Amino acid sequence: MARTEPAPPETPPSDAPIQLLDPAGNLSTDDRLPLDLATVDLAALHRDMALTRRLDTEAIALQRQGELGLWPSLRGQEAAQVGAAHALRRQDMVFPTYREHGVAWCRGLDPVALLGLFRGTTLGGWDPYAHHFNLYTLVIGAQTLHAVGYAMGLHRDDSTGSGDPDRDTAVLAFLGDGALSEGETNEAFIWAAAQNLPVVFFCQNNQWAISAPYSVQSRIPAAQRAAGYGFPGIRVDGNDVLACLAATRRALHQARSGGGPTLIEAVTYRVNAHTTADDATRYRPAAETEDWAARDPLERLEAHLRSTGAVTDDHFTDLEQRERDLAEQLRAGCRELAEPNPASPFEYTYAQMPADLRQQLRAHLEFVSTGPQDGERQ
Amino acid sequence: MARTEPAPPETPPSDAPIQLLDPAGNLSTDDRLPLDLATVDLAALHRDMALTRRLDTEAIALQRQGELGLWPSLRGQEAAQVGAAHALRRQDMVFPTYREHGVAWCRGLDPVALLGLFRGTTLGGWDPYAHHFNLYTLVIGAQTLHAVGYAMGLHRDDSTGSGDPDRDTAVLAFLGDGALSEGETNEAFIWAAAQNLPVVFFCQNNQWAISAPYSVQSRIPAAQRAAGYGFPGIRVDGNDVLACLAATRRALHQARSGGGPTLIEAVTYRVNAHTTADDATRYRPAAETEDWAARDPLERLEAHLRSTGAVTDDHFTDLEQRERDLAEQLRAGCRELAEPNPASPFEYTYAQMPADLRQQLRAHLEFVSTGPQDGERQ
Amino acid sequence: MVKALNDGLRQALTDDPKVLLMGEDIGRLGGVFRVTDGLRKEFGDLRVVDTPLGEAGIVGAAIGLAMRGYRPVCELQFDGFVYPAANQIITQLAKLRHRSAGRISLPVVIRIPYGGGIGSIEHHSESPETYFAHTAGLKVVTCSTPHDAFHMIQQAVADDDPVVFLEPKRHYWTKGEVDSALPQPLEQAVIRRQGTDVTLIAYGPTVPVALEAAEAAAEEGRSVEVVDLRSLSPWDITTVRASVHRTGRAVVVHEAAFSHGFGAEVAARLQDEEFHFLEAPVVRVTGYDTPYPPSRLESDWLPGVDRILNAIDRSLSY
Amino acid sequence: MVKALNDGLRQALTDDPKVLLMGEDIGRLGGVFRVTDGLRKEFGDLRVVDTPLGEAGIVGAAIGLAMRGYRPVCELQFDGFVYPAANQIITQLAKLRHRSAGRISLPVVIRIPYGGGIGSIEHHSESPETYFAHTAGLKVVTCSTPHDAFHMIQQAVADDDPVVFLEPKRHYWTKGEVDSALPQPLEQAVIRRQGTDVTLIAYGPTVPVALEAAEAAAEEGRSVEVVDLRSLSPWDITTVRASVHRTGRAVVVHEAAFSHGFGAEVAARLQDEEFHFLEAPVVRVTGYDTPYPPSRLESDWLPGVDRILNAIDRSLSY
């Protein structure tokens, strides 16, 4: 009985993802997703993608040097993240996973702050309200419900549908393809649909959830999930920054205007292993990775910029300098990240420390100050 | 700011549920769901629906008399349950909620056994394997995943796709409209879709989840949920026993043949309150309930049988006698249900009772035998 | 007690426009126990929200609402239906203040009708307090009188930490005076009856049972002090120690299972901190280490007056 | 220990065709810790199943598989990711035998890499044993040596009850002899080191720490007995009592939070059943009542040798 997993059912030929910029850097248009190029700052998109990649590369290096415990690389997903982030207004709230370094960058976070979580000096690292960018969430799918709740708050605050661009607000929730299978994510879709909430779900389908190919989660495109709940889903080339920008803009606009949720599937690829602790060669063929490398999102935009002359050479030289500065900032900043205070877990468990916990803290501090340092026990 | 809940989005006019027998008892056909009437035992369907209703009526009466703590009435849902149950083969496995008394009846359970759970003498009450009918599950949605696991087992047992009618097996999982919103239910859909499992999800959309109208859960028909996962959904008139039978037959056949899952939405109505402990007048208008009463599933089939003369008068007189017998059986049986043994919780917690628990049991039995009875403490 | 909770919630909704209630069947129906009766009519469907059927959704959305400045009061319909929300409660709600180094504050209340004794079917009689009390970052409280219910629910709503608010459902219909002027601090235990021979420690559903047992013991000439813990996390060991210091003996009563029930922690602390004063072991009178039984068995299964009296005897026999 | 678990699982798969493994990344990848390395290749993708990303699904489907006659061994990838499965574990897996009056038997194993000390990020270092041990109907075990790992995983698979199998991840790379002929009964504690002055009770991740502390104490002339509980539900109080009976003193060590940690139950039982023999209170050395800290703080936060030695001092000072 040499049966294996059941054969995939016949699925209807799926819509090809919408593309506005092809791998060679040529523009195209698609009636389903119009984009007025006059409203797009190509140079800024390119700059943010390049710097995001540099940030990622540096972080990987820092991990190799033992400065970070772990790093989840976003390489290959720069277009999806930067495209989506450029569609945000200041007041929009973002709920990331743990891989949205590109969005964090565009939100204006100090990039060094991103390293603390992976260095083990903090579990958070930044003020989620200052940048309208929530902390990273490591529990797959959990943040999608927070996004829904925040969106419920927006509705109650009259922060949608007023027509005032500084007032109307939406929520942008990121998730991976694997996250589509968590019950909580699906509850988030259900709530968003039934209450017509101002939330955009941005799914980076990078084809893999650690070692699980997308086919383990589903045999139809992720964007179609939305139809089951009764709200629009759209599938875009996630390595095409313009398609990602256009789709997110439209969806956020609709959300802010009171038009309800959208699910965006950005079809992309996790070029590196899941994290620096993972070994992707154990589960996927090199050929696949190489194949996707040819669709690199950054090269694609650069090709476009160079061939059209949309930016001057200064753009590139200036960018090189910025990249070097960023790398330096990260290297120095990482090592200078403050060591956590041993009292901090106790201080931040409750708004006011309960008496019992205070006693535990007292004992702990005594132990920490006199105990392990001198090798002698008290 | 007199805002209320967001207005429902414009939804496309939904498919009307498929109907093969109209409220007046007239047959019709529908290309989407063919049914060869020669294969249908109308008299048996009618008999089972009538007896199911009597069972329900008697149980309500027993609850009023204080013999049961609670009863969840299935009134109005007899066609959905009996139609679905008649599509089962002996070996098919059923995973019910707590309201599938009609399915239980058709599976040949001793109807008295259904009462124990609500009388408080047992948490189960029957052998799930003897009748291929699992215990009632009170945690909304939980059983859908058990159904999926059982279906995974069928696939591994080579119990689908052999073409042998006694071997090929499917799973029939029941759920309510409210259950569509639990994360676990959605995980069940995901697993069934991705692994193409032999499981049919039968959703009785009775319009209410306790006091929540269906619009709280979703603004599109439940059957469309399946499209989001990539398997077929079908919407039938749940008060039309023929449509329910035909849809379930086809879906079970497909599942047994290795063709994967189906979601059936049977559009029906919970005529009574959620349970005998509920007061439906607090949340829904009498007019709605009356409106649905006019679509009574049992009357519909009866009208058909009488107008076509498909059964003789004997059928009805015989049935009346059976109903009386059943009522008597329930009344007598309920009072005779064995009181649970105080040792049973201890005995059934583990396969072998651990030493500590044995000691707790010993203390408990001593207490029970000498303690409370004589009003004296030991 | 239902009325006191209803009044307390009405007051909370009135006092702070950011307070909102959410849960299954709490609006149109007023809750299966009518705790929120009339509030949707009074405060509208945006502040008293009938949610879809999904407990993870309820708590997860409450977290998001709190991040947007609201103070959500969630109802989970029964003790046995909290588990689909466990992930949001344990990995998110309890930990976000810590994760964010104090930047995120989640003033979320989770109301749960809990405990047995009302003849219900499975999943409707459970006592999950250990799961929550063992989870750092949550507060856990329970009330045993209408007076406490009225005040404690408001204090819980006003608290800046997430509070699991356990409502002993078998005392929902208990009547009692509510003095609206006299709230006790939320985290403080209360001595419900003074005594000198043994300290009986109870909370929520078992407080009236403990008082009854104390009454019965008094007839036999035993003076039993009854402490109502009220708050389970943090818990007021100071009051308990002071009492045990006087009596030298302690008996803990709860409905939750014996092993790892709240009594274990009480016993562990007392044997440590009152080692020289305890004249007898701390005795636990609790549910057994089995799932909750069918309702026909519950009255014997639950810790009742007789079992408590036995325990007092045992304690005094040392 | 990874190798021993891998061998144990291979043996279980070989012995019984109804055994199957399921979880996230356990097949193609062999598990994030490689515990299931090579098994998919050897036994096929129907017996070593890469599941979708959903913990409720994993446990819920395992229940259905068990009802169809299989013996599923689930992996939940990390201790912090068990909570989405809490509902299936607590309301279904633990209770179905009881609900069905013994008709349904669910021989499901839930493997969980658990505990801290490996420098991980949040949710990857937790100790959820109390949640499970407090849940009647579950067995809970944990291994501290490769030898135990090899045998206990097979015993867990052969057991007809659901077993939560906690794998102390910081000892995954510990080497040690596996004597394939000598399994101990699954529920029996083992005395890892004999001593006469004080009994040190540990399990899983803290056993090696306890042994190290005992070693250090020996140098100061203190004779410490170390008990490895191995099974947490049920737990072998007989062995513990016998030891405490001899030493008169007990210290419990675990990583889980102090309040309602396993130590509370141990202390509560011992103070009750060994009241006359305890010469000092049972002392607990545990994690604190805070969420698990960022990894830079973990080595101090976790109970280590020095804190254990302090506790021994304290115990002996009575």
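Each chain carries a letter (A, B, C and D) given by its place in the written order, and its residues are counted from 1.
Going forward, a contact is a pair of C-beta atoms (placed from the backbone, for glycine too) under 8 Å apart; a residue touches a chain by one contact, two chains touch by 3 or more.
Being a predicted model, the structure only gives us computed values, none of them experimental.
Colleague: Using the touch definition from the top, what's the fewest steps needed to get from chain A to chain D?
Modeller: 1
Colleague: Measure off the straight-line distance from the CA centroid of chain A to the CA centroid of chain C, and report it in whole Å.
Modeller: Between these chains, centre-to-centre, one finds 40 Å.
Colleague: Report the inter-chain centroid distance for chain A and chain B in whole angstrom, where each centroid is the mean of the CA atoms.
Modeller: Chain A and chain B have C-alpha centres separated by 43 Å.
Colleague: How many Å are there between the centre of chain C and the centre of chain D, using C-alpha atoms for each centre?
Modeller: One centre to the other, that is 30 Å.
Colleague: Taking each residue of chain D in turn, which ones touch at least two of the other chains?
Modeller: Residue numbers touching two or more other chains: 46, 51-52, 54, 56-57, 80, 84, 87, 91, 98-99, 122-123, 136-137, 259, 288-291.
Colleague: What are the residues of chain A that contact at least two other chains?
Modeller: In chain A, the residues touching two or more other chains are 3, 5, 122-123, 139, 155-156, 181-184, 187, 190, 194, 216-217, 344-345, 348-349, 356-357.
Colleague: Should the pattern of chain-chain touching be classed as line, ring, star, complete or other?
Modeller: complete
Colleague: Can you list the residues on chain B that touch chain A in the complex?
Modeller: Chain B residues touching chain A: 1, 3, 5-9, 11, 155-156, 158, 180-184, 186-187, 190, 193-197, 215-220, 224-231, 258-260.
Colleague: Would you mind writing out the residues of chain C in touch with chain D in their complex?
Modeller: Its residues touching chain D are 56, 80, 83-84, 86-87, 90-91, 94-95, 98-99, 122-123, 130-131, 133-134, 136-137, 233, 256-257, 259-265, 267-268, 271-273, 275, 278, 280-284, 288-291, 318.
Colleague: Within their complex, state which residues of chain A touch chain C.
Modeller: 93, 122-124, 127-129, 134-135, 137, 139, 142, 144-157, 183-184, 187-188, 190-191, 194, 344-345, 347-351, 354-357
Colleague: Give the list of chain B residues in touch with chain C in this complex.
Modeller: Within the complex, chain B contacts chain C at residues 3-5, 69-70, 117-123, 138-140, 178-179, 181-184, 209-212, 216-217, 277-278, 282-283, 339-340, 342, 344-346, 348-349, 356-357, 360-361, 364, 367-368, 371-372, 377-378.
Colleague: Under the definition above, what is the set of chain C residues touching chain A in their complex?
Modeller: 20, 46, 51-52, 54, 56-57, 59-70, 72, 84, 87-88, 91-92, 96-105, 136-137, 139, 159-161, 187, 234-235, 237-238
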